[in-house]
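What follows is chain A paired twice: with chain B in the first complex and chain C in the second.
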Partner chain A sequence: MSTVRFLKARDIAPWLEELSRDFTVLAPAQHGSSIVFREFDPARGIELSQLSTTPAKRALLPPCETLFEYETTKTLEPPYKTSIELKPTLPEGKSVVFGARPCDARAMQIFDRVYNGDQVKDPYYTARRDNATIVTLACSEQEEACFCDRVGGSPVDATGSDILLTPLKAGYVAEALTPKGEKLLKSTSFMKAEGLRQEALNSRNRILEQVPERSSFLDMERNLLSLFGDLGFWDKTAEACLSCGACTYLCPTCYCFNITDETRGESGRRIRTWDNCMSSQFTLEGSGHNPRPSKAHRMRNRIGHKFSYYPQLHDKTLACVGCGRCVSNCPVSFDIRNAVACAIQQAGAIQEQAHD
Partner chain B sequence: MVQHTQELRKLIAQALPELDVVLAWTSGSNQLASAPLFITAEDDLDKLDFGPMHVQNLAAYLPSLKGRKVGIVTRGCDSRTIIELLQEKLINRDEITIFGIPCTGAVNIRKVREAADGQRLRSVEAGKDIVSVTTDEGVRTIPMQDVLMEKCYNCPSQTPLIHDHMVTERNGCHMTGEAPESTLDKLDAMEPDARFAFWEESMDRCIRCYACRNACPLCVCKDSCVAQSRDPHWVDLSDNPREKLMFQAIHALHTAGRCTECGECERACPMGIPILAMKQALNRRIKHLFDYEAGMDMENTPPLFMFRQQEEHIKERDAR
Partner chain C sequence: MTSNPPNVYLPDMATIVEVVQETPAIKTFRVVLNSEERMQAFNFEPGQVGQLSVLGVGESTFVINSPPTRKDYLQFSVMKVGELTSRLHRLKAGDQIGVRAPLGNAFPYESMKGKNIVFIGGGIGMAPLRTLLLFMLDNRADYGDITLLYGARSPRDMAYGYEVEEWLQRKDMRTVLTVDNGTPEWKHKVGLIPNILREINPSPENTVAVTCGPPIMIKFTVQALQELGFDDEQVVTTLEKRMKCGVGICGRCNMGTSYVCKDGPVYTLAQLKQLPNEM
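Then we have the complex of A and B:
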């Protein structure tokens, strides 16, 4: 049976400080008016009261990652040949993500199927993944924009976590779910607490009872696809969208990237940086042709990817964990929940017509 | 329903048959969220709403709708954007129909959150002089004066400067009292080192989404933006504050003398980075050098759009 320990609220910071000796510790901290996941800094503290603005995904997919470094040398005489020397840079060191939410932890499993699948293994990703331990904090309630329950999760879901923390009055019950989690619980910051297992379970059940009954977004991947040709629908859906991409950068499941060479003089690095399908450059081809020329096409892709193509490829798992970050941070209040609900309705109407 | 909204609906309903679309506001999934509303049929009018919580500058959509007959609901500040767009020939006057509405100020939801001491907001209601916020700890009232958008404190005209129809059921009321200290005030009081440190620290949390750019009604380079261009390669994609700041500096320079300080760039930023201050700083220089304010006079030409052999306010050798 897995280990259960108790962590007093005031022991969190000392524990993270202790961990910082051997791990890169990422934790949510207040930064201006936002809460961001960043390297733990005792001076800044941690902020667990609300869902963080940025997701924990940077632990596995940093916004900017060096793939390798290079240096070019030219011969001084004709034919001025250039030789290039490459220096591989695989990520090193272990990391701990502290205070991810259940949606954040589930989201990481969505990356796994892409970057650590049977056919393709991305060495940078897998190195980070193998070395990361995820400490998840069960939510005490769903926030306004949250809808994890509609996409297969829940506010207390432990999927993808190495340790699950359940908040009780004076602190947190910590349950190890994997050997990696077990290891972290050995710290002396924790107190013995086998007896609290049931109390934590009860508390999680109470939280689950608060989740409202509402329609699910599961099992609609084919429906959504039937709407693919209805560009009028997508035009209407995307009319207010600014094509900015804030939604995808803040999304814990979006994993698309760009690769560029950033050269200074004779040397440089090849880097991989976050990209996003809401930007027109995303699919711009070298010829100048763009197969997704309008924001309607791009919105169709974002929603289609999360709710249709990804689940079709990956055992019906949605590529949205319902964190609501895209809803609460969109400058024009685009609400993916409404868009998906409308799409289900519209697809239903199309099917009915077909039966008539 | 509030009377001015009723009147607005009536005005739009009358004009709608002649128009392809009318831009207005509606409420998002909750009262904290304002969303643009694209009205194409009378049914859509039911969703129309307008008050201090409705914040987007709808004029930002006009250039992309060029060539169509577009109606737009417009406050004072938005009318300045429209004037600027007209001056730059980014839109045509005969294609747009302006429904003017006097404004009583727009709420900055970030300030409301701060005023609620980080308590989670359950709902927000904006009255005439106060905003009432419901949090887990109960209801709290905040003076409107403390939580307005920065542009509202020195709004030159809450009534649109141009319009075709005007809502009369409402009077714009000018704010009384002092504006709170702005980011620019704070920055002005700093030594250059501290100022740079401030920007490094702020840009550190920039996620490079470019919501600031895409929300700006005056960003015109569209898909040829230097932020993504590799040729020229002025900004690289490394994740460091200097590159990100470089982009902000370019944006500020590109809007110098054109920016009406509508504040959309800062409002749209999901990370709450106070980037409006950079634009305000440049606009101050423009005012000082050219005695010019963007979007106030349709007949005028923005100073950086023309060349005079001798500028009235720039003495040679004193072109600071």
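Then we have the complex of A and C:
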């Protein structure tokens, strides 16, 4: 049976300070009007009162990382040969993500299937993943934009977490779910608390009871396919979209990236950076041909990827965890929940017609 | 002790051994991996692609257009269309480039054995077809009648001129050339590829059509093939896409569930019809 401990609220900061000696600790902190995951700094503190503005994905896939460095050497004498040396820069060191929410932790498993799959191992990702411990804080309530319950999760879901924290009065019940989590609970910052296991469970059940009954977005991957030929539908859906990419950058499950080179003199580096599939540049080919020329094409791909393509490739798991960050932060109030609900309705109508 | 899996993003450094100016816009680069061991062990199938790196500029995808039956070097033909290809065109023999290859799938050359083959190539789209054509010519007895229809904008835009002459002379294949705009010296056809294809009128019986070219050409060629009675399973094409990772992660080359960099670039028309139309 897994270890259960109790962490007083006032002991969080000392514990994270202790962890900071051996780990890079990422925790949500206030940054202007936003809450963002950044390296823990006692002076800055942590902010757990609401869902962070940015997801925790940067712990496994940084917004920008070096894949390798290169250095060019030229001989000064004829026949003037050039050689190029490549130096891969694999990430080192261990990290702890503190205060991820169930949606964030679940999203990391969506990354795992792509970056650490049977066919492909992304060495940068796997190095970070192997060395990361995820400490998840169960949500006390669903915020307005949240819909984790509609995509296979819940506010207290432990999927993908090494430790699950359940808030009680004056502190948190910490349950280790993996050996990595067990190790972290050995700290003297924690109090013994086997007796609180049931109380934590009761608390989580009370939170679950508050989740409203509403329609699920699961098992619709084939339905969506029937809309792929209807560009008019996607045109209407994407009408207001500015292609700004806020949704993709703030999405805990969006993992697309770009690869570019940066050169200074004779040396440089190849980097990868988060990318945005809503941008027309994303698929623009050198010849000028663009296979996703309109917002409608790009919206179809974005929603299709999350709710149809990914589930078809990965055991029906949706590539959306319902965190609602794309809903809360869209400058034109695009609501993916409405788009998906409309798609389900429209696809249903098409199927009914087909049966008539 | 198990060794670490290879770093999928790390190119092999290679030396350009020869550059051939094919047309004003197309150059062919013959490259050899710097590691003799890696070059010896390099295996690929016709149709597979590679990412070429000009360090400091970036990477782009090109088909390996030498056949696996000829392994002195790896050959890539590059049409100058953008920043990376322009920089590639400035490279000379002796210069260094990065190669990540082989990537993707291959032409179904095994299941094509015993069948007649019709190649329909437009412009730089001849590059991948050339690989398969040479492979089949090197294994000539395995295949039935071979027809090549190769078109370009004008006579000077036809690549592989040195081989085209040889193909025209060969008795064991039929070669038809066409250009959109002829010149007084041009002795071959003038007209768009789909129209010339209708003229040639190949029989679909026991035949596979393999086509590659600009998306608009593929679209109308497919229409012509359908009129001629070819089924979707009998039409094979290979697609160009903007690719970055080359291993099915970065997300820009997918058509629905299929990633052109790993599940393609070779598809049958039947397979393409199952996917959202994003050619």
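Here, the second predicted complex is superposed on the first by the 352 of 356 C-alpha atoms of A that agree within 3 Å, B and C clash if a C-alpha of one lies under 4 Å from a C-alpha of the other, contacts with A are read in each partner's own complex, and residues count from 1 in each chain.
In the analysis below, a residue touches a chain if its C-beta (ideal position, glycine included) is under 8 Å from a C-beta of that chain, and two chains touch if they have at least 3 such contacts.
Just so we're clear, the structure is a prediction, and the values are computed from it rather than from any experiment.
S.K.: In the superposed model on chain A, is it clash or fit for chain B and chain C?
M.R.: On the superposed model, which is not a single observed complex, chain B and chain C fit side by side.
S.K.: After the superposition on A, what does A:P62 contact: first (chain B), second (chain C), both or neither?
M.R.: First partner only, chain B.
S.K.: Students often get this wrong, so check: with C-alpha centres, what angle lies at chain A between chain B and chain C, to the nearest 10 degrees?
M.R.: 90
S.K.: Pick one for A:K81: touches chain B only (first), chain C only (second), both, or neither.
M.R.: It touches chain C, and chain B stays clear.
S.K.: In the superposed arrangement, does A:S34 touch chain B (first), chain C (second), both or neither?
M.R.: first
S.K.: Now for A:T260: first (chain B), second (chain C), both, or neither, which partner does it touch?
M.R.: After superposition on chain A, A:T260 lies in contact with both partners, chain B and chain C.
S.K.: A:P291 in the overlay: touching chain B, chain C, both, or neither? Say first, second, both or neither.
M.R.: In the superposed model, A:P291 contacts chain C only, not chain B.
S.K.: Which partner does A:P123 reach: the first (chain B), the second (chain C), both, or neither?
M.R.: Only chain C; A:P123 stays clear of chain B.
S.K.: Does chain B (first) or chain C (second) touch A:R197, or do both, or does neither?
M.R.: neither
S.K.: Regarding the shared-chain residue A:R113, is it in contact with chain B (first), chain C (second), both, or neither?
M.R.: In the superposition, A:R113 touches no partner, neither chain B nor chain C.
S.K.: Could you say whether A:D335 touches chain B, chain C, both of them, or neither, answering first, second, both or neither?
M.R.: first
S.K.: To be precise, I mean the smallest distance between any C-alpha of chain B and any C-alpha of chain C in the superposed model; what is it in Å?
M.R.: After superposing on chain A, chain B and chain C come no closer than 7 Å at C-alpha.
S.K.: Across the two complexes, find the residues of chain A that touch chain B and also touch chain C.
M.R.: Looking at chain A, the two contact sets intersect at 258, 260, 284.
S.K.: Inside the complex, what are the residues of chain A that reach chain C?
M.R.: Those residues of chain A that touch chain C are 67-68, 70, 72, 79, 81-84, 86, 88, 90, 114-115, 119-124, 225, 228-229, 255-261, 263, 268, 270, 272, 275, 277, 282-289, 291-292, 297, 300-301, 304-305, 308-309, 312-313.
S.K.: State the interface residues of chain B toward chain A in the complex, per the touch definition above.
M.R.: Per the touch definition, chain B meets chain A at residues 28-30, 32-36, 38, 56, 60-61, 110, 113-114, 118, 120, 202, 204-205, 207-211, 213-215, 223, 228, 230, 236-239, 264, 267-268, 270-273.
S.K.: In their complex, what parts of chain A are in touch with chain B?
M.R.: 31-34, 36, 49-50, 53-54, 62-64, 143-145, 239-240, 242-246, 248-250, 258, 260, 262, 271, 273-274, 276, 279-281, 284, 327-329, 331-335, 337-338
S.K.: What does chain C use to touch chain A in their complex?
M.R.: Per the stated touch rule, the residues are 4-5, 7-11, 13, 55-60, 79, 81-85, 94-96, 98, 214-215, 240-242, 244-245, 247-257, 262, 276-279.
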